[in-house]
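Next up: some structures, all given as structure tokens.
First subunit A sits with subunit B, and in the next complex the same chain sits with subunit C.
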Partner chain A sequence: MLRLPPFRYHRPATLAEAVGLLEEHGGDVMPVAGGTDLMPNMKHRLFTPGHLVALKGMPELKGVEVVGADSDPGMGYLRVGAAETLTSVASHGEVRRLYPALADAAGHVAGPQLRNMGTIGGNLCLDTRCTYYNQTEFWRKALGYCLKKDGTVCHVTGVGKKCVAAHSADTPPVLMTLDATAILVSAAGEREIPVRDFFVADGITNTRRAPGEIVAEIRIPMASASRRTAYEKLRARKSIDFPLLTVAVAAEVDDTGVVRSLGGVVTALGSRPRELSGWREIAVGHPLDEALVDALAERAHAQCHPLENLPADPEWRRAMVPVFVKRALRRIRSA
Partner chain B sequence: MDPSTEIVRLVVNGQSREVGVPTHFTLLEALRYVLGLTGTKQGCDKGDCGACTVIVDGEPVLACLTPVWEAEGREVTTVEGLAGPEGIHALQDCFDLHGAAQCGFCTPGILCSAAALLAGNPSPTREEIREAIAGNLCRCTGYAKIYDAVEAAALRTGGPQG
Partner chain C sequence: MTTSSRKVKSNQHLIGYPQRKIDGVEKATGRAVYTDDLQLPGMLHGKILRSPHPHARIVGIDTSRAEALPGVHAVVTGRDMPTPYGIIPWTQDEYPLALDRVRYVGDGVAAVAAVDEDTANRALDLIHVEYEELPAWLDPWKALAAKGSYEEGHYIHSPKKDGWNGNVTKKVRLEFGEVDGLMDSSDVVVEGEYFFEGTTHAAIEPHCAIGSWEPDGVGHAGGTGGAGARDPEGDVALDPAGAPRGGKLTVWSSTQVPHYLHRELSRVLGVDPARVRVLQPLVGGGFGGKSEPFDLEFCVGALAMKSGRPVKILYTREEVFYAHRGRHPFHMEYRTGCTADGKLTSVDAKILLDGGAYASFGLVTTYYSGQLLCAPYEMPAYRFDSTRVYTNKPACGPKRGHGSVQPRFAFEVQMDKLAEKVGMDPIDFRRANFIGSDTRTVNELRITSNGFLECLDAVEAASGWREKFRRMPFGRGIGVAGSTYISGTNYPIYPNEMPQSAVQMQVDRSGRVAVFSGASEIGQGCDSLVAYIAAEELGVPLEYVRVMRGDTDFTPVDLGAYSSRVTFMLGNAAIDAARKLREKVQEAVAEAWEVKPGEVLLAGGRAHWAQDTQRQMHIREAFNLAEARFGTLGATGWYNTPKDVHGEYRGGTIGASPAYSFTAHVAEVEVDPETGVVTVEKIWVAHDCGRALNPVLVEGQMEGSAYMGCAEAIMEAHVFKDADHGREGLHGGPSLLAYKIPTSLDTPALESLIVESIDPEGPYGAKEAGEGPLHPSIPAVANAIYDAVGVRMDRLPFTPPRVWRSIEAARGAGVLGKPGFAMEAGG
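After this line comes the complex of A and B, so read on.
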């Protein structure tokens, strides 16, 4: 039995009320949407806020609709309310039509019940994960805690003052390849930040979301809908698990099969999703044939170095990088 | 009353209940330890196993990760609520007939996932059944008899030959 620590549960009806509660209880409060990440973490005493602000009851955080594309279908964006569940994102007609890899990624998070609860905003803000962190208080205490929570030593690297807990969310890599942005709202106002710039390489706190901010919506440019996208995920059990490696790719390929643009993001390795470098240089202007797929997979392999931060052999995870990159690229070719 | 205890209004298996709960209780704790509905099982208690699956407004969710307040004003169905006035649910009868329960610990959660599936999709394919109970871990049966039982229940209640 894992009990939650005591807290007060606030259910604001509006976003303004919610950010007000975050400000009022600053330092002792956290926002919660589906709770599928925060509740287990609270049961493990990784977070013990005295107040929780529930985000699921606010109409401002709901809805999926095309905005600003009236005059030109190539303009505007798809607005996805941050409190939309992963089930809703995975099954929504517009998401599936415009950004099938996003529907794929959302549909591959955890299992059905967790997708009915968890939200796209929560997936963006998912806490980093590590073998030495996602454990009970009893377990962590026995090991003398770790750098990310209550301790001074990182058991993964054994040295240094840098937490290397793994970014483990499925949808952000796809959102990055689609040039999506996130709208963050606080008592001070709102700001828009590219998902690409949302993450930092710090396993303790790996996003630029301030404690008083709420992710209110995700915007995906309509212009990105012309890209061919694919998402591949490695995990121990296909039905429920967090990723051990994910690959998201997006490309524009012309009528003759020649690559016009190409981007790839891998995650579940380090503390933030990694944009694969050196791809454009070898791909743009060339046909996406098997030789190019091999070359791109080799470039990806050379720059990915998994650590012992997740419960799976790092050498195996590294060996799977080119395998999964090739799968994703072949799907793009046949799309 | 303890100052950290508040009244929550729940609708469980069609019955309205007002109960006092500590403010940090989960729906699972309220069901099992306040309402005495112990059919819903407490397994891993952290969202991995699916044993605590209940149906809230038609969707299977995990009661162990649901703050009790999130259930307020919504329709909660537990395994105790699957049987109707005419007797047990077709799924329960088919689980019995097909030997789909062994130790039985995962069974209430699987019944809830399967009941929600059949309510929205009366004649699912085997693949849809597999997907619907993918979040419910069974360590005894190997699942084959569970799929058989759900298929049989679908045929009886709403499938093409039902």
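After this line comes the complex of A and C, so read on.
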């Protein structure tokens, strides 16, 4: 069995204590929630922090509840504690009722045992993945390492300029289409950032979370609950596997079937989830008929250019973009 | 006959009825002991340093810094074990650790033993190996075409003769009948090119071994061997450094072949075989991946001898992928001819086997690639021309259905193509070519019992074939395939005249029966088998039987769990021993009752008189009578294969088996024409196992085989990076996340249909069931895909991108759609 590198495990009782530990051991510390991503990565020596700060057991990071909607049901938000497990998010009654695509996405992460440990906050912060990166130390050394870790060359592009490891999390695309925000807490205070601004196009570090920050909660506007949503995932097997492509779509469609708003996000292609552009212009004010579905799928196809960062035929993955976009849109139409 | 529903329990008999495995409860409850569960006092942990290069010369190894690390007790390199080994005596081309050359990324070069795993890993980092890189040969065609010298790295191994290509392990070309003439006069000839991607076993238990060395005794069993005692012959009593080897070496291993491991440990480590003990704890699956000695078993022995402490090595999952010995990638070209009314005329095959860095079982694989194709269909003429080459990748070897799964895939697709061309239903086409029972194949293999027609009938009826074939909507398809496999080999791996399998059985006054079995229990149930047989023959309840197993100090030799030999050979050995004892018990009871011995029945825990079954006694009393009459009751039983049944040509002994099993599959698939995703909905598998000694275990083997074949059809690919993708020779992803095997959600429904042909030589008529049922899985899926969407998948695996490309090509050519209804008129 691969061995974990040595580290000291901290188990703070409060969020304040946790961010204090992150500050105290800055540069040599990482937070760990379910550990389903971090532990194998540590065994592969992708991360070797001297300290780990456990995020479990803190009441501030738990709970799923509607906040601030007392006076107006259309106001307020659903608060999801970042340490809620993916199983909990996938099966929670309020999540399923208000944002079924989010429950769907959470329920498609990995397999049941991993969802029992993995958290929604951890899924938001999931490290990017690449066939040249998610390998053992022995393997990576034999390769000569890569740009993302210990090396100077990206073996996907053949040059050393930019890491193209793939964003591989299931829930962020849905959260983006729902206008969700994330609350980040550090020793310096708290800030709120839209999930759609949370990611950057850099495979080495693809989020705006500072090393001393902890994702404490996710807020999903109640207003978004009126949207029809759909989530589609392409993967090698029906369980366990990370996505090769995901599509999340959210739309407001009026009683006559006319699109009032529309957003789509694809991921598992580049280093951050991609918001599909040029959709609103052709969709809003029009019925979501098959011609529009085709046109939207065509726009999506034109924007997506998968690389060989994941071990799957990139031409096929590209061809699957319109197929999965169409499937998501048809689900929206029939929702 | 087909057992469509299970037989009910019998109070008198076990054989043929569903039984629990004798180790089932301990396995299900976690009490079962596997090698890695063992902890010995003072035990050290070993690790192996592996080559980061696919092909390189070792210029020098400096282990001094590792040896100086506190906590490190011993370091060994190839120089400590300079004796080559290999499972096939004629192709011993491996060393426990590389001597002067590494041949794949992952080849072992040094090993350390330390107080714990972390220290051992740190010690590996301190070993300096200076390499001189050599050209890497990843493509078998290029390796085959290589010219030059071993020294300059043009060859992976030193050629056996000057002027030969050192990259060729074995060439076999055999021809039976008038291949070219009959091909030319055939009404229909189909030519096809097929590629089988390599796959690996992925047994859930990684390889593990523990070595223990007692310099002054023979140890554990309280033996009395003195210090410094020597082998009387003196030829294995000295190690390379000249130190006397009077001690005793004990190795526990998750091996499938304790006996071969015993021999090779003795030979390579220079220890008298009577002073080597191999123990096999329970094994968490093998599938052929543990069928020969591996570096860790020699290393734990050498490290234990050097350190004086027990040493354990447990492979990481990554190391399991490097140890490999999985299915060879095969490039196959087939020409198959038949008459207008669907009779096969001639078969011509050319095969290139990509063997990886070492020979392993490759000599046999090369023969099997051709020899095992000649049933269940009559072939008037057949030729195969197979070449196995070395490449700088982990060595390939035997995986469930050794050497014959790949050609079976190609051939059964060829059969489907021929059937379509002559306008016959593919099941009828196979029926028309049935070879029959009690016959010889074109390559002179002796076929005895043969239930293949019943297998075809069973899958045809159960699957609703007649309503489905070519009749389901576009995207939905059904396919059929058939196959045969050996029940062990008539000739052992090293030439000898001794029995292939044996047991010792001993009866106690309490009624307890002890069976000493050297057979290799790897989960398939052979310990249970000998218990069932002892209970059946001696009439005791199953709980009265104890099986002492897997210990070369105490159990007689069985050659190991491979080539589907165990039930057949061990079963016959157990019957032999049990009946020797039974006769004594019958005779003693007959004497007491004053009846004929043949009228005494032993069953259900009692002895009965056949003339009046009310006359009976407890089996314990019967045993006591027998012990009083004959003395302490014990017997040995053994089985040896017929040695006069084989082809009269060079290589004619390879493929010769005392009996052959037969299988037919029907697979039903759904193909998504937009994505290329193939969902295997259901597989019906009918298998002629001769006789199902325990139908539960037979069905388990059939389901496991069909599942494994289906996995190879749609997912599995043991692949490597190349120079344009990272680095040549690097494994594509040595982990169970990267190497895809189906989850339970990806697994089809399976229906197992047991066919019993009652073989004349098998124990109670039984033949094999562990490997044969895998073979038709892959071509049945391929043929079903064709029925679904009209594209031929001649290259494995049928992953979504590959199927999608084929569909897109057909769409582009304007020919996408269900295959034609040519057989409508006839069917």
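One rule holds for everything that comes next: the second predicted complex is superposed on the first by the 334 of 335 C-alpha atoms of A that agree within 3 Å, B and C clash if a C-alpha of one lies under 4 Å from a C-alpha of the other, contacts with A are read in each partner's own complex, and residues count from 1 in each chain.
In this section, a contact is a pair of C-beta atoms (placed from the backbone, for glycine too) under 8 Å apart; a residue touches a chain by one contact, two chains touch by 3 or more.
Values in this document were obtained by computation on a predicted structure and should not be read as measured data.
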item: Touching partner for A:G35 - first (subunit B), second (subunit C), both, neither; value: first
item: Which of subunit B and subunit C A:P311 touches, first, second, both or neither; value: second
item: Touching partner for A:K161 - first (subunit B), second (subunit C), both, neither; value: neither
item: A:I240 touches, of subunit B and subunit C: first, second, both or neither?; value: both
item: First, second, both or neither for A:F138, with subunit B first and subunit C second; value: second
item: Partner chain in contact with A:M1 - subunit B first, subunit C second, else both or neither; value: both
item: Partner chain in contact with A:G111 - subunit B first, subunit C second, else both or neither; value: both
item: On subunit A, positions contacted by subunit B and by subunit C; value: 1-3, 6, 111, 239-240
item: Contacting residues of subunit C [partner subunit A, same complex]; value: 50, 52-53, 105, 117-118, 121, 314, 316-318, 674-676, 715, 721, 725-727, 730-735, 737-738, 740, 742-746, 800-802, 804-805, 808
item: Partner subunit A, residues of subunit B touching it in the complex; value: 4, 22-26, 42, 45-48, 50, 53, 59-62, 64-67, 69-70, 113, 131-132, 134-137
item: Subunit A - residues contacting subunit B, complex; value: 1-9, 11, 32, 35-36, 39-40, 43-44, 52, 54, 56, 87, 110-114, 116-117, 239-240
item: Subunit A to subunit C touching residues, read off their complex; value: 1-3, 6, 111, 131-132, 134-136, 138-139, 141-144, 155, 234, 236-241, 308, 311-313, 315-316, 319-320, 323
